[in-house]
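In what follows, chain A forms one complex with chain B and a second complex with chain C.
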Partner chain A sequence: MSKAEKEKGIERGHSRRGFLSGGFRGAMLFFFGMVTGFFTGKVRAERTVWQIDPFKCVFCTNCATECVLEPSAVRCVQYYPICGYCKLCTGYFDPQPINLDTGAENQICPTGAIIRTKLEDPYYEYTIDEELCIGCAKCVEGCELFGNGSFFLQVRHDKCVNCNECAIAVSCPGQAFVRVPAGDPYLLKTRETAG
Partner chain B sequence: MKKSRRDENKQSRRDFLRKGMEGMLAFGAGGAAGVFADDTIRPKPGNHSAIPNASPTSGYDMSKLAEVDPALIRYREKGRFGCDMEESVALWIDNGDLVYVCGDECVNVFDRVGRKRTTLKVGGRPRAVCSVDGDRILVAVGDRIVILDSEGGVLSDTGSLGERSVVTSIAVGGEGTIFAADAGEKCIWKISADGKVLSKNRGDTEGGGVGFVIPSPFFDIAFDADGLLWATNTGEHRIEAYNEEGEISRSWGKPTMAIEGFCGCCNPVNISILNDGRFVTAEKGLPRVKVYSADGEFECVVAPPNSFPGLMRKRPAGRMRALDVAVNSDGEVYVLDTGSSQVRIFVTD
Partner chain C sequence: MRESTGSNLIGDSGGCGCSSVKRRGMRPMLWLLLLLINIAPLQNAYGVMRFPPPEFESGYQMPTTTTPEARSDFLDYLDIAVLAAALSMAAHLVLWRRSRKWVFVLMLFSLAYFGFYRKGCICSIGSIQNVALAVFDGGYALPLSALMFFLLPLVFALFFGRVFCGAVCPLGAIQDAVLFRPVKVKPWLEHVLATVPFLYLGAAVLFAATGSAFIICEYDPFVAFFRRSGSFGMLTLGVGFLVLGVFVGRPYCRFLCPYGAVLRVLSYFSRWKVELSPNECLQCQICEEACPYGAISEPIVFEEPETPLQRRRSVIQHVIVTLVIGASLAVIGGGLATEFSKVHPTVSLAERVAGEEQGRFEDTTDASAAFRDTGRTTDELYAEAMTIRSEFVTGGRWLGAFFGIVIGLRMMIPAFRQRRSVYDPSPSACLSCGRCYNYCPKELLRVKRNRSLCPKVDSTSPKNSATVK
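The block that comes next holds the complex of A and B.
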């Protein structure tokens, strides 16, 4: 390179020092942009969370198998005001139970997560043991199709890690996964909506 | 001309703009990277099998449960007509074979082939309708019964029957006495013709009986030709007969998914009685209509579950839906298909 060309390059700021300082400035800006973007993304994600619309759930069992967590962040909940306290609870018993008792062979729940407690004859209370529940929806299906639908699935926000692309939502055939405000994160049934 | 040092440090406008643009691009790229980093650092879904001991056949296989031996189906559909309402709930056929369908906030009256005669407006969502001769039409609206004339004018109103009352069926006995099945209070009210409550029947509570067990808002009653009042004790999967004083005389029914019994937690949801004393029953869960002898022996199927695809699907938000049944003077079975809001007429050859 001739001296004249070198001088021309310096005039345009293409010296090594200029290149390094420009690169450093760019890297710093990139870093600050990344930090800002990360926290902006965080703030945006915390505004809404995933939840299951119980009226769209089709009890496909994907909630138990597709979640990134094991066991899933989805659990069954029991809404007592619409429960019939049935002796023959279709959310608790197999379609053709041998006996109406707590024998494992009679239960539909694969993990025995439903506790059956006798109240006054012939009424029984059914409670979900959340530590055992895996969100498979077998009880939800029985209760919804034959009973009052007091069992339904909900994403538990003390467990959910709130993925931007929820793996269950992607595979949900009923498109029941919706974003809801983080301040009001549950979609519960009511006596009115349940009939 | 040689530039002074001051001039060398001075940036041109073009340089300033170029560097500014580069900076913004770098910042933007960094920001985007930051946003996506939030996604990429999360764990990916695993294909773990989280259902221990679950066989592929466990659970409610509705297609299998809905199967019915074709030899048991002895009725065929003769015709159908629309109810002209969005949400139909209950059906009644009077002595003159007029067909009453209630739903939305009205009662629609049809002749036996489905020609609409009139619409009676009701102030609320009705759950049951009954009329003996067409002059007085009794409509259950929430916790009360409203008595209308044939033009829809209000003749009288029982007022609220109870704090938790949900009246789901009405029948009229001797001397115009009204009987109202109340799924909320789990009782049958006996009411005078002019709307005064006379007594309350809680079912068979003597000798270990548990009375009426009604887990869902479905509780039906119907009189037979002998004046016995039959009630669906759904939680016990039984149909029970009472005299007008509220004493039980007999009962029949058993819980099973099999065709000869009543399925699910609480069935049958609705009944009607043929002139010869045989019963027509309707169930929910597996929406099927069947005929039983006067002694409660299973005889045949009027319509299998697959006849009602709208009720085989998961229900949307709102009122629980179930079939209702009524019979006309010729023994034809009218089924209110609430899944399609149609009345469907079944006959046997």
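The block that comes next holds the complex of A and C.
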């Protein structure tokens, strides 16, 4: 083959390099097909999202500080079915209150996000104003240690951006963060699971 | 109700608390005493129902706890569809329409959608880790969207080059948008720094595969902008990269991005590439000046062509050097594995617990206290940590070998470049931004000629030629 013919061939893409490149392309496509095939059994069409297992939570306050969002996507929820409706709520009052009233200095919540409403003696309802909550878990600790544990932290999915790696999960000392199916994204306590 | 004796005790003391609760004005000190009494058995007390459900007489209706839904699956499929559409569009605009303007518009759309609307999650760069974790950890279910975000840009790169980088990746887009005063990076420095993404890729796969950390996501510089919220460190990193990006074109893409490393390899073999006018190159060097990413370099001519024997000898030398570097780095990698493994939470916890057992630490951390509450034995924890550490030793060796091979191959490249007589973008380094189309005189002439064939848009052609700087 003369030099001119060879160069003409190269221009048309009939070079050795062109052939190898085409072969590589084919091989890679085959490989990607294999990868897809390998994962078809494993892929779950349903995504997973992050959630906190309330039984593993150790109230370390990382949820308030480590989340990429400010304020955190983790908020405290009040799960009414297990609440004791205590008059003296250890999730509401500071351990050493000056008076047992709704004064800010007597509350354990740093942002005053818990609303205390009298229902009937001796029951009081506690509701969380989620927009004020910062997920610091102070009330969770109080309720868990002396009450029923109806206050617990949950990732709120209207706020969570579902990071590929949750920044709180990385620093969670209780390793309480788990991936749960997006269709059923909350891990709520019940009286049965709790005790 | 838990029935063990321990929790019964707590239940009783809780009962005491309950009755005293009902007495108005309990003294704080009394409460403190209660606290002290309770502290000892508290460790197993999580989730104990101390108080029965109240019996309301006033007809009080219990509110329900709200549970806002997670993002729907439909929107996930939409993301995949938008990605596929954006990639196809990018390929069309870069390779056939050859229009920098429209590539830029698509790039801004991607920045808005994948960046600010999707807040940088999900992204192809991070999906490497999901795939790596799914390969090595059978228990991890890979989301379909992560698999698609990983595969689609790679398949496109095989055919159309790095069109993903040019117009679809939000991280590239934010850097491209701030590039105002591009400076040239010396080709040798560019070549050396372009090795870093491969090393980053290897490290990211190791940490993801062992389930330790997703370092690409952790050190993603721009995600704080996309979320408009983030820690001080993340913001500083992002601002740093953007300030650097004003002068150095796309520093993250060229010198760090691990996904870019994969794309760089694949796009070398791409079917269609960004080409200027190879048959009528004027050797004017304008395109070389115009490319802010150092992807267009001067023609390669060998003054003294090597004989086949010389060439063969040089190949053998390079292969030997590569193998030696690979082997030595593999040994080093295996040796450093113990240090690397501390990134894994279980290993660091085991180290801490072991330290406490040996009396090296007086206090406990939240993590070690939480571990002791679970009631698992330390031996179980140590065994688990040792398994992970041995995985790290294997992984560290592979990582070292990979580093060595990458470094060796990168050293080989300058010696084995293809002869080239014209100015043309290198398919591996070209980020498909389309800037050079606006500068190549032959390309502009071609556009003008095409326009004049079509009288409708003829009026715009003088304006177009005025944009030539």
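Basically, the second predicted complex is superposed on the first by the 149 of 195 C-alpha atoms of A that agree within 3 Å, B and C clash if a C-alpha of one lies under 4 Å from a C-alpha of the other, contacts with A are read in each partner's own complex, and residues count from 1 in each chain.
One rule holds in what follows: contacts are C-beta pairs under 8 Å (C-beta built on N, C-alpha and C of every residue); 3 or more make two chains touch, one makes a residue touch a chain.
All values derive from a computational prediction rather than experimental measurement.
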First (chain B), second (chain C), both or neither touched by A:188: second
Partner chain(s) touched by A:95 [first = chain B, second = chain C, both, neither]: both
Which superposed partner A:34 touches (first chain B, second chain C, both, neither): first
Touching partner for A:164 - first (chain B), second (chain C), both, neither: both
Touching partner for A:136 - first (chain B), second (chain C), both, neither: first
Which of chain B and chain C A:146 touches, first, second, both or neither: both
Chain B versus chain C as contact partner of A:117, first or second or both or neither: neither
Residues of chain A that lie at the interface with chain B and also at the interface with chain C: 22, 25, 29, 32, 35-36, 39, 42, 45, 55, 58, 68, 70, 84-88, 95-96, 122-123, 144-149, 161, 163-165, 167, 193-195
Touch list for chain B against partner chain A, complex: 3, 8, 15, 19, 22-23, 26-35, 37-39, 42-54, 58-62, 65, 210, 213, 215-217, 235-237, 255-257, 263-266, 284-285, 314-321
Chain A - residues contacting chain C, complex: 17, 21-22, 24-25, 28-29, 32, 35-36, 39, 42-49, 54-56, 58, 60, 68-70, 77-82, 84-88, 95-97, 100, 119-120, 122-123, 125, 127, 130, 144-149, 156-165, 167, 170, 173-175, 182-183, 185-186, 188-189, 191, 193-195
Complex contacts: residues of chain A adjacent to chain B: 11, 13, 22, 25-27, 29-42, 45, 55, 57-59, 61, 64-68, 70-72, 84-90, 94-96, 108, 110-111, 121-123, 134, 136, 138, 141-142, 144-149, 161, 163-165, 167, 193-195
List of chain C residues in touch with chain A within their complex: 1-2, 7, 14, 17-18, 20-22, 24-26, 28, 31-32, 34-35, 38, 42, 45-54, 56-58, 60, 62-71, 73, 76, 119, 121-123, 126-127, 129-131, 134, 138, 141-147, 151, 154-155, 158-159, 213-214, 217-218, 223-224, 227, 229-231, 234, 266, 268-271, 345, 365-367, 369-370, 373, 418
